[in-house]
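Labels for the chains are A, B, C and D, by order of writing; each one numbers its residues from 1.
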Amino acid sequence: MKTTTIKELTKIELKNPILIEGLPGLGMVGRIATRYLAKQLKAKKLARLYSPHFPYYVLVNKKGSVRLLRGEFFFWKNEAGENDFIFFTGDSQAQTIEGQYDVAGCILDFAEKNNVKTIVTIGGYRKEVEKTPRVVAVSTSPRLLNEALKAEALPSSAGNPIVGTAGLLLGLAKFRKIDAICLLGETRGYLPDPRAAKSVVEVLQKMLKIKVDLSEMDKEIEKSKEIVERMQEIEKRREKHAQKMRRVEEERISYIS
Amino acid sequence: MKTTTIKELTKIELKNPILIEGLPGLGMVGRIATRYLAKQLKAKKLARLYSPHFPYYVLVNKKGSVRLLRGEFFFWKNEAGENDFIFFTGDSQAQTIEGQYDVAGCILDFAEKNNVKTIVTIGGYRKEVEKTPRVVAVSTSPRLLNEALKAEALPSSAGNPIVGTAGLLLGLAKFRKIDAICLLGETRGYLPDPRAAKSVVEVLQKMLKIKVDLSEMDKEIEKSKEIVERMQEIEKRREKHAQKMRRVEEERISYIS
Amino acid sequence: MKTTTIKELTKIELKNPILIEGLPGLGMVGRIATRYLAKQLKAKKLARLYSPHFPYYVLVNKKGSVRLLRGEFFFWKNEAGENDFIFFTGDSQAQTIEGQYDVAGCILDFAEKNNVKTIVTIGGYRKEVEKTPRVVAVSTSPRLLNEALKAEALPSSAGNPIVGTAGLLLGLAKFRKIDAICLLGETRGYLPDPRAAKSVVEVLQKMLKIKVDLSEMDKEIEKSKEIVERMQEIEKRREKHAQKMRRVEEERISYIS
Amino acid sequence: MKTTTIKELTKIELKNPILIEGLPGLGMVGRIATRYLAKQLKAKKLARLYSPHFPYYVLVNKKGSVRLLRGEFFFWKNEAGENDFIFFTGDSQAQTIEGQYDVAGCILDFAEKNNVKTIVTIGGYRKEVEKTPRVVAVSTSPRLLNEALKAEALPSSAGNPIVGTAGLLLGLAKFRKIDAICLLGETRGYLPDPRAAKSVVEVLQKMLKIKVDLSEMDKEIEKSKEIVERMQEIEKRREKHAQKMRRVEEERISYIS
């Protein structure tokens, strides 16, 4: 495989489709939110993206078979609304600079071909989150940004970088006359963060006038809380030990000098 | 040299050939097993693969000449059975991400051209091995997987990554309608591990209904045992020394505090 | 995006244009000087350069929109003089070796297309600067070098490397029969250094017979002085602390031995 | 610049030319030997090689001009002998794996075009050299290897890698039916090593039946000896200091425990 390739699994006519993208990244926010939406809406397989810029390993699945790392497109026929949806998520981001630009370009090729006029990308925003994580929005379209702010997203301060596919899609979409918005859930980013993903999904529900059941997400949050608590306990003990070691060292020095 | 290139050394019609691949990797299991089979079956030279993604040095041979790093294809006419064999082994894996995908693609081009319908790739599986190393099998074909399990290979748990050419060949073969199976010999992976390679060869013998003399392999295992024992002794002494140093340090701290 | 691309924003006939280039680099000297000149001369947007060799993130701007990293060409119609000017600056240099050569080549393609016969590149020169930073000049044209020396630039000693776009443009311009000069402002290089940029601008004013108001630059220098002073204080304290620690350690050792 | 490019400076018919290559590498042996031969024989400029795989900086020369890093071909009309000579040396080797294969391929393109049938590459061989450095030879041609051994070069043991252009040229020349030999001067490799280069030149003189004055080389060796002696003194002092520190530490530990 020499170039990034998209393999279509089905042919379907979509009605003013909106593309929602979320790949692995900070706190896995984009991937968790996008997968959750696709799953809850029972979105169907549309296409797969393979790339020589993905890591060079394959993954074993439950049946003892393997598959290449890939991106996956799903679609959802939104009978009640004006826009069908395409979801894009996957195993990995491209691993090289040039690969990042290349994969983002291929995603946009596919979006254009399917008459996508609006793209939503999802990611994480590093922050020491106290209570409910907030969602930061940036957009190449004032209209979309306004809709996000009405849905309780916050504007971003200038100068922030948005790294990876979630950012590049916005930057490159402009040249194709595709409006795009990026929603970033606040996250400490160390571990998969379903809480941040939930905040993004809530903003998205309001913006896109869709409704998904969030109870499964709450279960994931409970599970992740336990992991975080265990991690924090380990961290505390480590810190305590480090303090003790510093004290020992200080005493040694004051003793000697 | 700008692209990966295969130079054919002979033209031959092969009968339903099966490709067996093993390159250097964890414990050298793939390379040792593949070379052993090719040697014992007196397989003949078929083609060579050169690539600008291999390391940029040449190797001196016994006659004082040098050669580029390369992959080598051998063939074996299996008069008694239904399938001839092609073996692929070599000096190195590709050194870049894109190079890994490119080399795997070129191997598959060659396989397709020779009407290969089944591929076996061989590698190592990191594990603290106590007794006889076991062999883990994954396959894109339930039929092949089943044959491996019948030959006493174990199924893999889901989520395991298979890194490098042994994995990518499986992932990419699917697009070409070629069945593929990967056999991974359990190995600590630090040193060339003929014991793990022997386990793989034994599974392969049953699966492929071939018979090779394993006495040479046993000699290699004896030699490698001596090396391992020497290494372990060094390790033990190092650990003893580290323990002593830690004790000294602890005493110092308890003395001071 | 697979290749470096220049998007023209306006078509304009320029009179013997001179290209002045300054990208981020040592002390940000090139970028500060070039941006300052373009701003003071009220240069207008001419074109933008995008590249898959730039870092893979986008920047948020004041309106909450984002944009790709890019290079920017501006032009200034110099009614009083013989030469119009094109300025080139941007967010980043290319991130890979091959990318550096590629981007420099694309800048030259654009220069040639606009009949540029002279290029000035600006950068920083690492030096512990005591008083006013001096400007070092190198040029592929003895005539240009001579003009720079008359404008009080200093010649460079042989063997110095000039890294990045500022250097490659000179090296590559030779093959296109374009004269080029590089002006390097002396700088410690740790922080954005408007003082070094001002020295370069002063040389350029004399060389190119243009006149810009430098009072804004002086304000930037004042601001940066405060930052430098604060940094130096921190450094002093760190050094003091390190000395103290070394003393403690020495005493400990002399005490023990 | 997107690809490696050779710019011819002159057109000349050469008589059975032999190409002698030496780029910077271990101990700079290849570059020193090749430059010395070209200079002593008053070889003339033939062509230059530029590559986007070379480091991305330019070098300032004595006149205050700059130039890209490059490779240089020189030629020498050998009136008395059967073979004219082409010398190839330069500032740098290619910086990426694929670049190494690409540059070696371009050198061979140029060699083929000039009807080169024999190539000599020169490099360094890491060894703690006591007295006069010896020269190790490997060759794709038994005839050439034999000539080198007669000229007092030593054969290489099997398995040695020869890294970089000096090695790849041999490996790749085979495919073009060009005989090639590599001469490696023994060197500690830390510093430019004219002594190792001289040993190689002496072997070459015998092999190629040429005669060059070696007195300039002897001067370089004298200079380098002084540098080595100064370096060794620094090393000794450092070792002494380290020993002292270890003793202090040991005493401290025995004191404490």
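One rule holds in what follows: contacts are C-beta pairs under 8 Å (C-beta built on N, C-alpha and C of every residue); 3 or more make two chains touch, one makes a residue touch a chain.
Being a predicted model, the structure only gives us computed values, none of them experimental.
**Student:** By label order, what chains touch chain B and chain C together?
**Tutor:** The shared contacts of chain B and chain C, listed by label, come to A, D.
**Student:** As a test of understanding: of all chains, whose mean C-alpha position lies farthest from that of chain A?
**Tutor:** So the chain farthest away from chain A turns out to be D.
**Student:** What angle of turn lays chain B on top of chain D when you fit their CA atoms, given in steps of 5 degrees?
**Tutor:** 90
**Student:** Determine whether chain A and chain B, two copies of the same sequence, contact each other through the same residue numbers or different ones, counting it as same when over half of the numbers at the interface appear on both sides.
**Tutor:** different
**Student:** State, to the nearest whole Å, the distance from the C-alpha centre of chain C to the C-alpha centre of chain D.
**Tutor:** 36
**Student:** By residue number and range, which residues of chain C touch two or more other chains?
**Tutor:** Expected reply: no residues.
**Student:** Dump the list of chain pairs that touch, please.
**Tutor:** A-B, A-C, B-D, C-D
**Student:** Mind pulling up the chain C residues that touch chain A in the complex?
**Tutor:** Residues 1-2, 7, 52-68, 95-96, 99, 248, 251-252, 255 of chain C touch chain A in their complex.
**Student:** Give every residue of chain C touching chain D within the complex, in rising order.
**Tutor:** Chain C reaches chain D through residues 97-98, 100-102, 104-105, 137-140, 142, 145, 155-164, 167-168, 170-172, 174-175, 182, 253, 256-257.
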